[in-house]
Amino acid sequence: MKNIKIVVIGGGSSYTPELLDGVIRHWEAGDFFAGEVVLVDVPEGRERTEVIAEFSRRMMKKRGMPSTVRVSFNRKEALDGATFVISQVRVGGMKARRTDEHLPIKYGVIGQETTGPGGFANALRTIPVALEIAADVKEKCPDAWLLNFSNPSGLVTEALIKHTDVKTFGLCNVPISIKMAIAQALRVEPARIRLDVMGLNHLSFVTHVYRDGEDIRDLLFSRAFVGHLTKAAKLKPEMDRFLMRLKAIPSPYLQYYWLRRRTVSEEERALGNEGTRADEVMKIEEELFAQYRKPDVDELPEALKKRGGAWYSTVALDCISAMVRNVPHFEALNVRNNGAIVDLPSDCVVEITSVVDGKGPTPLQLGSLPLEVRGLVQQVKAYEELTVEAAVRGDVEAAFFALLNHPLVGDAEVAFDLLKEILESNREFLPQFQGKKL
Amino acid sequence: MKNIKIVVIGGGSSYTPELLDGVIRHWEAGDFFAGEVVLVDVPEGRERTEVIAEFSRRMMKKRGMPSTVRVSFNRKEALDGATFVISQVRVGGMKARRTDEHLPIKYGVIGQETTGPGGFANALRTIPVALEIAADVKEKCPDAWLLNFSNPSGLVTEALIKHTDVKTFGLCNVPISIKMAIAQALRVEPARIRLDVMGLNHLSFVTHVYRDGEDIRDLLFSRAFVGHLTKAAKLKPEMDRFLMRLKAIPSPYLQYYWLRRRTVSEEERALGNEGTRADEVMKIEEELFAQYRKPDVDELPEALKKRGGAWYSTVALDCISAMVRNVPHFEALNVRNNGAIVDLPSDCVVEITSVVDGKGPTPLQLGSLPLEVRGLVQQVKAYEELTVEAAVRGDVEAAFFALLNHPLVGDAEVAFDLLKEILESNREFLPQFQGKKL
Amino acid sequence: MKNIKIVVIGGGSSYTPELLDGVIRHWEAGDFFAGEVVLVDVPEGRERTEVIAEFSRRMMKKRGMPSTVRVSFNRKEALDGATFVISQVRVGGMKARRTDEHLPIKYGVIGQETTGPGGFANALRTIPVALEIAADVKEKCPDAWLLNFSNPSGLVTEALIKHTDVKTFGLCNVPISIKMAIAQALRVEPARIRLDVMGLNHLSFVTHVYRDGEDIRDLLFSRAFVGHLTKAAKLKPEMDRFLMRLKAIPSPYLQYYWLRRRTVSEEERALGNEGTRADEVMKIEEELFAQYRKPDVDELPEALKKRGGAWYSTVALDCISAMVRNVPHFEALNVRNNGAIVDLPSDCVVEITSVVDGKGPTPLQLGSLPLEVRGLVQQVKAYEELTVEAAVRGDVEAAFFALLNHPLVGDAEVAFDLLKEILESNREFLPQFQGKKL
Amino acid sequence: MKNIKIVVIGGGSSYTPELLDGVIRHWEAGDFFAGEVVLVDVPEGRERTEVIAEFSRRMMKKRGMPSTVRVSFNRKEALDGATFVISQVRVGGMKARRTDEHLPIKYGVIGQETTGPGGFANALRTIPVALEIAADVKEKCPDAWLLNFSNPSGLVTEALIKHTDVKTFGLCNVPISIKMAIAQALRVEPARIRLDVMGLNHLSFVTHVYRDGEDIRDLLFSRAFVGHLTKAAKLKPEMDRFLMRLKAIPSPYLQYYWLRRRTVSEEERALGNEGTRADEVMKIEEELFAQYRKPDVDELPEALKKRGGAWYSTVALDCISAMVRNVPHFEALNVRNNGAIVDLPSDCVVEITSVVDGKGPTPLQLGSLPLEVRGLVQQVKAYEELTVEAAVRGDVEAAFFALLNHPLVGDAEVAFDLLKEILESNREFLPQFQGKKL
């Protein structure tokens, strides 16, 4: 069993124990041994990170895994000799996320952490930090793989791939969640299901489902079954129609686009009541950390399931396992397009089923997007390219055009007002826009 | 001077006299002689068509042109032996256009004859008729060119090019209007100005302006000049920002997208007051026909300038002249893409600067769209492809997805309600949807 | 262990025992159980086929595998209920191959079974038969996979993929042979080596070699190692220079192109002495069948190694195993390009590393060919497209232009004379050219 | 009439008087006035250049054109203030051309000034000089157009377009010669004929011929006419077959490829008798200069027609006229592909019908090459890309692979020997290869 060193940037996240649990499971299964795990965070996160580390050590002890788990607030030091680096930072923390979600609703636009103006603001904050992390990786552990789960994952990965030469790809838990849901709906082992996934992060489409290698579209998109499928994929019932036409299963995020008016209404209503998802997650996190802190708790708490991001750790560790063992494994990942989706530029990042082995991920050649979603995906990709340009260069005009290009904005006045407020409320996290004028 | 026969389908339009005036001017200039002109219309348009024909004969007589102008309500008979066929039909007449404009506003969506749900409804009505016209042309005058100005011109031309093999291209008066405006702003003869235009009908972009062959972007997009340019191009003042970034001049229709919220407000306000453009045009037409009817009027009435469609007849007749004389001439036309715009499918119709000579139009190779508008154009093209599919096959699901794909709709509930009402209110003009269920 | 039925078309080949040996080994390894194996051949091959079947039964008996091996001279009957069909026909037999090899040498052109005019003649004979086999598969076992190893494998597969909708791909033993040779040169287990292969059948290139997932180009193409590599890949010593520049390993068939003059000389010399490869193979086959016939021989004879086609059965059965077990497996196969190699048409067949699982093979997205070989591959692909057209439609002109396009011919007079002689000497096998005139 | 300054680099060529005659004719026609013409040459060409200048002054005087014609051996000085620069240098002079033609024949390869190893050697010599000229143009007259007729025109233009940002395009007289020949065969005015031309320099194809705008392929490729066409296009009679299949007219240089064996035999025979074209041209030039020197000769001598390069000056000056007058004009030119021919890289140079006006040339979008020639053109383009790389960087390996890629070489041993001898015999003209080892 190979001995590897994993560094988790943003290690103080409430997700981390799930990741560590996976690390233990892969050791139990004989896949690889993570002899050293370092949790890196910013100094303000020290207390949380130490709680997580201590809890992780208890888990490991209980299951007999002889690894070292340590914390570090010096990223370069921590990265030295790393084999895999997992980046899951949240620049600005939950507070900034809350603003991402709340602010757009004022303008009648969906407020969401990764999609729309919220995801845009998140990208502006996160991309510069991601590039710094990449520079440290290149310096301290140039052969390491950087697995990016910092949101918005597609945009951050595009920045990394276009502006650094670090070995990297982006993760998402949406495709695996759909896979798990389909398996459950079909009552088969998930391992018997394989998907062809193509599109962009949080705007991807399952274009084929194979059960034991057999394409089962006739079953899935039959009148009798489609309802189960829609439900399993966490889609609203009216999405049946879309599935029947597309013969494809969209990410639930598609609903932000196609059911936008209703979503805005719901969000407006929620804002005056229970708040947004950030408010909810903050409560869950409080509860989780309360559990992690208990000296006798040495198993993953139930509450973690409510945290979201289910299966993300599965994706990350299955990929690491495939790379360490050099055994081919399918996963929908964010990688350089390179012609795999013919409707999108070659040099952009797409989310696509890739085969991962010791070489890393290679995208499968899957052809064209369905006409019914091609235009939307192309439009969002234009938004993404402009956003990356804006974030990397601190280009205010690119930022304005990025927002204007986003299908959920698509109006110059709204884009202008939103951008102004985003730049202002995120000022401390946007050094690249210092002194730039809108 | 070559003798040609021109057939105008939709000859009873109030535009027609401008076309006939152009025919006379080209004869006066020695370009070609239209010895026979037939105005074809539907039987209900008989009175209007005869008024137009009679007025045209008076114009010709006054200027000494020895042509025959006749009316016909038998399309096939009229087409026999035609050299050029100009199609400018308006299926459902002004009343249907009025519905196209009014109906979407209820849903908070822009109501417009060619853009958005109005243009969509118009396409559903017009495309089947356009295909019938093409079939008649193939039968009676297979070597004739069919110049399409039936709106929505891009969509109708795409249907003709994908579903018939008639020799055809689509016209638009937007690019020439921008050219005229630039010439005026620069105080030079229009002939000294040439444009590179690319995009789609009513969503095209002037990416280069040449004065005497010299690219004058530095002048045009200077702080000092851009305001004149914006004004000349009939754009709202806030579009200055867009022009400065794009270094390109958009069609004014872009404002329906980028200034959509304001436009909807203005339309909502107008609906309760002076009405929409259709209401206005109906008044202008009344006035125009009153003039045409006067037996002593033998010159184009002043009021025609208010009619809109300025320069359309110039485009049509300059193309005919270039084809008849076999002399190369630049014009932005709707033609098969064929790779000329690399961001769009090869088999779709684009609006692009083409060189026209005896062979007809050939698109110039102009490369890529600016990133800032690429996604929008791709999204609208997806809408157009779905609309053509819906119109040709009477496919309700394609129709639904077309509307859903339109950036001004982009919401499934709105698309559904709009489509239902469009199918209902246009029922008599949509035989292809007979008995189909949404 | 799944129970499958394998039908081998051309079962009387001297190769077949190797295939059957592999079938036994996969059963021994617990991968799958081929409960029924049918060897199909033409009536003239009855004696040979029965010898093979009898010998195979002895092998199975010895190793305790309870399968049924039977012979059939009624293809449709045999195909009924098949799970996998392996096609390895040789239309015209060894005699026709001998002509393929001898005839071109007269014209100073390389004589070879798959490359040049010999492969061309072979394609003209084999493609019509391959299409008939595909039709039978569609009728009798439409869900079966057809693995094509009938030579020329790339051309036959292109005909199958363009002109039928059978589930199929083409096999080649060149890439696996290179892999085995590299493993040997590096003294590592073959399983630790993975290749990126791209190009055409018998004109493919190993563009990357991974050892345990690590790209080892710096080692392979070092001055110290390249000689070993060249030797291992069965390339002549002067190919060192090519490898150093390309940083890629070509199929040995590339030498027919790049060392053509010397090869022609060698062939001319051999023709007057020991004869061509066909002559040699005929002798080996005699020897092999002598062995197979001996009632006490129940193991693969040593002489089989001289037969050529090493590892072909490994490729075929590893693919079948991956499909049956639905476990991902890398193999360089002949599949529809679909954009995987951007320099070649989307609808053509390429040889490319694919990942095979229950769904069948999916090509990896590998990008562009090295500039140094791009043009040659494109030229050969044009030859292949024309050859397929000629073979399917019996189009004499397409046949002439195919030969003219082949880089080893490239001369109209030679192409003309060669074609004339090929059509004549293969007349009985070319019904599609009956009555056509050159 | 605009006053322009034309600088001719390589002004001492025997072609130059034809160019000057064209300059006079355009002045007579009222198109433009070349008030200053400077003939630039190397010091060794002083006597020839002065003879040409003096003769040109006599022509002008006779026809009353008040221009200044002067000679200069200081390129930078001469370029100052130029409007158009025509480059027609022959690095190494006729002696080097003679070697280009003779040397390959030894190896059984066609010897020719622009095609094959001869053109390759010519490119290695000429490209560095062309880049120096471009640098001088950028410095002294950055707005001037550089018209390249230095051979091999396609290769030199590709180097200029890839490695400088000078305003440039390449000329060729083959397409216009075919046009003139077709016009003659049809007995119509050349102005009534227009061609669609696509391919590479000296490997281009007329894919459509329009007479008065009408596509006349049915007439041209009829059994009755094709013989006239073949003859007119200076093709050997057996090319009839090719034309009938292609429905396209190739450049006569295609025969070097398709009739290579016979051409080599003819060249081998000629080498021992009358010599090659260079030998012949040297004699013609002697005769021409004898005429130019006569003080009473003030008209173009008859002998000039034998010189070759017919219509080159027509192409150059018609383009200049179209640019000066800003009037659209069709010409097949060497320009950046940019997607106009979809089978070739976007950034390479192609020969394609372009429309020229004040903006310069813009290629028409003409789509795909015929399958029958696609592969050959792609292969030659790969050779060209490698040659440009070799010439610009002095890369010996690129040079070797360039020759190996050339369809007329296509053999490593031949390529090696040829390259060695080319580098040696051209040593004084190849500073970029100084000290590089094969």
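All chains are identified by letter, namely A, B, C and D, in their written order; residue positions are counted from 1 within each chain.
The rule is short, and it goes like this: a contact is a pair of C-beta atoms (placed from the backbone, for glycine too) under 8 Å apart; a residue touches a chain by one contact, two chains touch by 3 or more.
Predicted model, so just to flag it, every value in this text is computed and none were measured.
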item	value
Distance-maximising chain from subunit A - centres being C-alpha averages	D
Distance between chain centroids, defined by C-alpha means - subunit A, subunit D (Å)	57
Rounded Å distance between subunit A and subunit C, as computed from the means of their C-alpha atoms	44
Chain pairs in mutual contact under the definition given at the outset	A-B, A-C, B-D, C-D
Residues of subunit D touching subunit C in the complex	238, 241-242, 245, 257-262, 371-372, 374-376, 378-383, 385-386, 397, 400-401, 404-405, 407, 410-414
Subunit B contact footprint on subunit D (complex, rising order)	192, 194, 208, 210, 212-215, 323, 326, 328-330, 338-340, 342, 346, 355, 357-360, 362-367
